[in-house]
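Letters A, B, C and D mark the chains in the order given here, with residues in each chain numbered from 1 onward.
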């Protein structure tokens, strides 16, 4: 059996909609595979599940349907205007498989909540007769959570779920449900998700691999290509200032400093690792509604060369986040399924290439991450099943 | 014996002056090693000759002495103003070891010319009691040469030298003399130098390694960090437009389109290799005297992502070419001496990291080049002597 | 009578199509007036002909109809996708009024050619019952013409037309016909058009005003706002380097250096006037087909301040030339009709605000031009009719 | 009598030091007048006091002398290295004329404080036998003050001074003293200074003119040249995002949000006036110590053209604030003395050209301000004395 399920948390958001529509378009031949990393020749030998073999479902808390969301993105120039109508049937079919997500967790997550999410996953797998399911978190960025016993201690977490008082973010509730349902998990947002220490034992027992976190699509991607250049050339980076201007749903969420905090943290971590020291300079994320789904980032790097020469590099990145992120969602679903097939469990450092804040490794340099990824996929697969 | 000679062709030019002054400054503790690649921890095990063990000599055809040249560069802000006076003695000592270069080759190179150059190298080695000598070409960019029998056929070259009619560029005459004198050679310019097929047999027989060509210091360096990013992410680069504004001696030379031709060729070659296709877009090198020794480069990359999304990246690089190039000259001298010690002869593809147009390899990506370089230097040295 | 005719040379090109479609959209309420200078409050008192009162016709030598042209522009994102179908009737009506232009003038322009063009103008005016007609040249940039007697001497021109050997560019043939037909003329391209000295007497006799040349829409517009800033602040601009990347039909034409020559000349002239001296630095126009109808320009200004401090300003302009030019075409048609109504004849320096290479004035600074324009329009109109 | 005094508050800061050194250099012929607006031909007829006729004194609270301050600026590349030693005598002479400023006003300003400041001004004027004195505030940016009765009511202010409890910022204490001493005042910082309503009567009675506030030297200067361009072209600016990176003493002060507040306010005000509406977008001032006395600013403007076309302009400004500000200080001293000679009192809107937040006018466009300034200086002077 080769059909693989992809269950999207935040299934009606911009990234998710673009991923679903894109997979439909690729399958029907209406679009090409530009931006799909796993379509490169380096992955040909790995026998990954095909894009055409992916089946989509998901949770969301918004009422705006996939079609409407796709039309909005087409109107904003992110998607070609002809695709949403051409693929309306496929969108509607996916829409029917979506389920109500977990909305307000401020009162505490209950046993019944995670049971329901788990049941949704199991039902999806059976209904669609899937080989396996990968859950991908694409929901809105959450505020950084406080520190509670049920975050670090697995038993405390179980107890708190039983009493309906588990103070865990929704993303971690989804991760809990996924692990229980035996589904691989991809944390594409800066949310906590499966990074809660209390979930480690569960991932282990369930034999479930997971990857994360925070998809590396724009300014941080460029940083991870440039910072190793300065390091290898023994040039001393004195300051690195970054500004990100973005509109769109993600921008609106990040306009709240509480939500931006976790994003800023995952963006900042890498530079210090790549350069060997933390340079001066601000890191801004600004909500500029006018920009809509476009994102403009400016970075200014001031560096010192031989005999104290002062030089600079600056770049402006102008991209569509959803168009950058969506193919990576497909890549990650394929690769996580591949790891699961191979019997891997726990964090997947080989997928660091895709993330701003990679788990299980301190390597932030893009080229080294690429090498780790392609080496893993080139290795003869020892399938567990 | 551990003192290693570095013989600079174009010894009074900006790069050469900065390299000599810089080595003196590092040795005396007046300056640090920022920008010196071979001072990174990755090279600690390779037992390269120390910067303090390098002894400098060279050829030039200009009358402006090293001190004057250093003062000019300090006045332009490339070097700290206090260094040239503080190191005047060392500069004068080096100046006394410089010899008159080969000036006008338009009438044909003669046996006597190359004999004289070879004798200068042998005299340097003996006078200074050197373990070995590395010749580094830092002379002005030459016009791209025509095609002649003596370029491809070793015997034809010898015969033409005998009759004083060898139509080879000065850089190749220097390379010939170096090979005869048993000196490793580094072609840091886009000049032909040792790339003449007629010189291959000689390099082989003399057991002399060589590296080249055209130091990768500015806009091309950034390109070689960024282009692999687009490729690995399966993003389709549609156009890549480049503008280089530079004053200084090098800029004045390149203002002549005949001279710029070889530079443009070495800059362009890499992009196609890294991307797998040659994108649209101009590549300009403009002489802007006002900029002096500063160089400003602007690149605009237009690329396509998933579902045809159109995005762009642009960067502005603002650097001092001499400050960027000089430490690489020291690196290359140390590494070429190291290869020579190891008994290597012919082209050194492991040094591609340093060049716009690397010999013996088609790899232009910076990170892959870095890996090749550091792997080679990490390998247990099997010294030939 | 208030309907004013606008006869476009190059009526099926990008700028012309956008102007026609835009006027239809404004009239029908389907679009706003953003970018229309003459809709600003400063012009309210001048009683210009309304946008809704403009009637379009024109010459072209291409077979691609207005509708097809509009659809292509919508596909490229220059026009909203919904407009061409919504306004198809209006486009078709205009299309029916277009006439075959003057194609190949390499054999010499004949009396019959200009007579036919004049007849087309007269027929348009009568058919549509127009108060007056303004001819606007929006045709492809021509190569810079040689120098001939018939360019400077009105009688020589008449004689050459009689013998069918007038070596004048097509744009000047159109201008000749317009002046004969009593139509005001706007030279929106860098073409020679009415600037031929041999046409001055004719303009005078016909009592016809004309404006030009070369619409100032992008990088030159920004230049004309910034250069006066440096001058007023007594900052010394040392170099000003400009790069223009453009695809589209205009880009393809300018890819031929012969055609680019006149454009480069009109772009360069202003800087020297505004700064009081001509700074260093290249001025490139590059054809980058990938960019389609988008234009990207980068300017780098190096300047000196008090006590020799070296500073820089750089900007990147990213625009759609047709969207920038089209509303100015409407503005110029209204303003030229206004001048004609006022009894003006010959060059109109008051319209310098719109042009890279303004006639009848050496003022290139945008703010001064704006003041001249608005003062003229604020003055109580002394209508000639 | 023609010697005019310039009394600098913050006399040992970067701007003040550069102004003093620059005036000495101009007088001695060691430097030119680049950056001095009032040296342009437009001012030739106004018979302003000459740069060589300015005599400097001032208040500061720092112990770092003018020579040390000048050497630091030379080391940072802001001033030529040869100037401070060459002009050491002049610096020392000025240094001897400096007086201790008003340090900590947190306990309330006392009558004795302002009396002492006034006495310093009178002593300066007599000692140097000056025609008149202009006081220029170049001190550190203060936190934005609270609202108190003594700010708006002149009598309340006098009473509070008498009881030693006047809650006014130091800048306003300096302004009070200047008005009492009959000195014209220039508020070059965003500080409150003479803008306190309670000071208006005093300025009037003393017949003293004043100008301000907050010198327009960098990013805001460019804004004031570009924003009117968008407005005149009827282009709709949707967002304007600004980032200012600066090190130096001013940067360190502004790193404290309390101090930055007044600066941000004066920077923001203008855009809305020039565009007719307030666009989206952040305005950041970031302290990046690494940049030292250099300032780098990036602005991104997203605008809409005809038929909704979306376009952008971005610029990067890289300047030395002190080199930009210092000649304006000389200009303002000359112009304020000129106004005083003419018998002007109260705010001088004609000097808006120099300020981010001009008093007495809402005109922020650079070109209009230039016209107002030059018209005033071209007018036949009716001197009051």
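The rule is simple: a residue touches a chain if its C-beta (ideal position, glycine included) is under 8 Å from a C-beta of that chain, and two chains touch if they have at least 3 such contacts.
Keep in mind that this is a model prediction, so the values were computed, not measured.
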- Item | From the options A-B, B-D or A-C, the pair that copies C-D, where over half of the contact pairs coincide | A-B
- Item | chain A and chain B: spacing of chain centres that average the CA atoms, whole Å | 43
- For the pair chain A and chain D, the C-alpha centroid-to-centroid distance in angstrom is 50
- Mind pulling the residue numbers of chain D that touch at least two other chains? 312, 314, 316
- Message: Which label fits the chain touch graph of this model best, line, ring, star, complete or other?
- Response: complete
- Item | Complex contacts: residues of chain B adjacent to chain A | 18, 21-22, 25, 31, 33-37, 39-40, 78-80, 83, 221-222, 225-226, 228-229, 232-236, 304-309, 311-320, 323-324, 326-327, 353, 365-368, 370-371
- Message: Using the touch definition from the top, list the residues of chain B that touch chain D in their complex.
- Response: 77, 81, 316
- Query: Which bits of chain A are touching chain D when the two form their complex?
  - Reply: 238-239, 241, 243, 245, 279-282, 284, 286, 288-291, 296, 298, 300, 302, 312, 314, 316
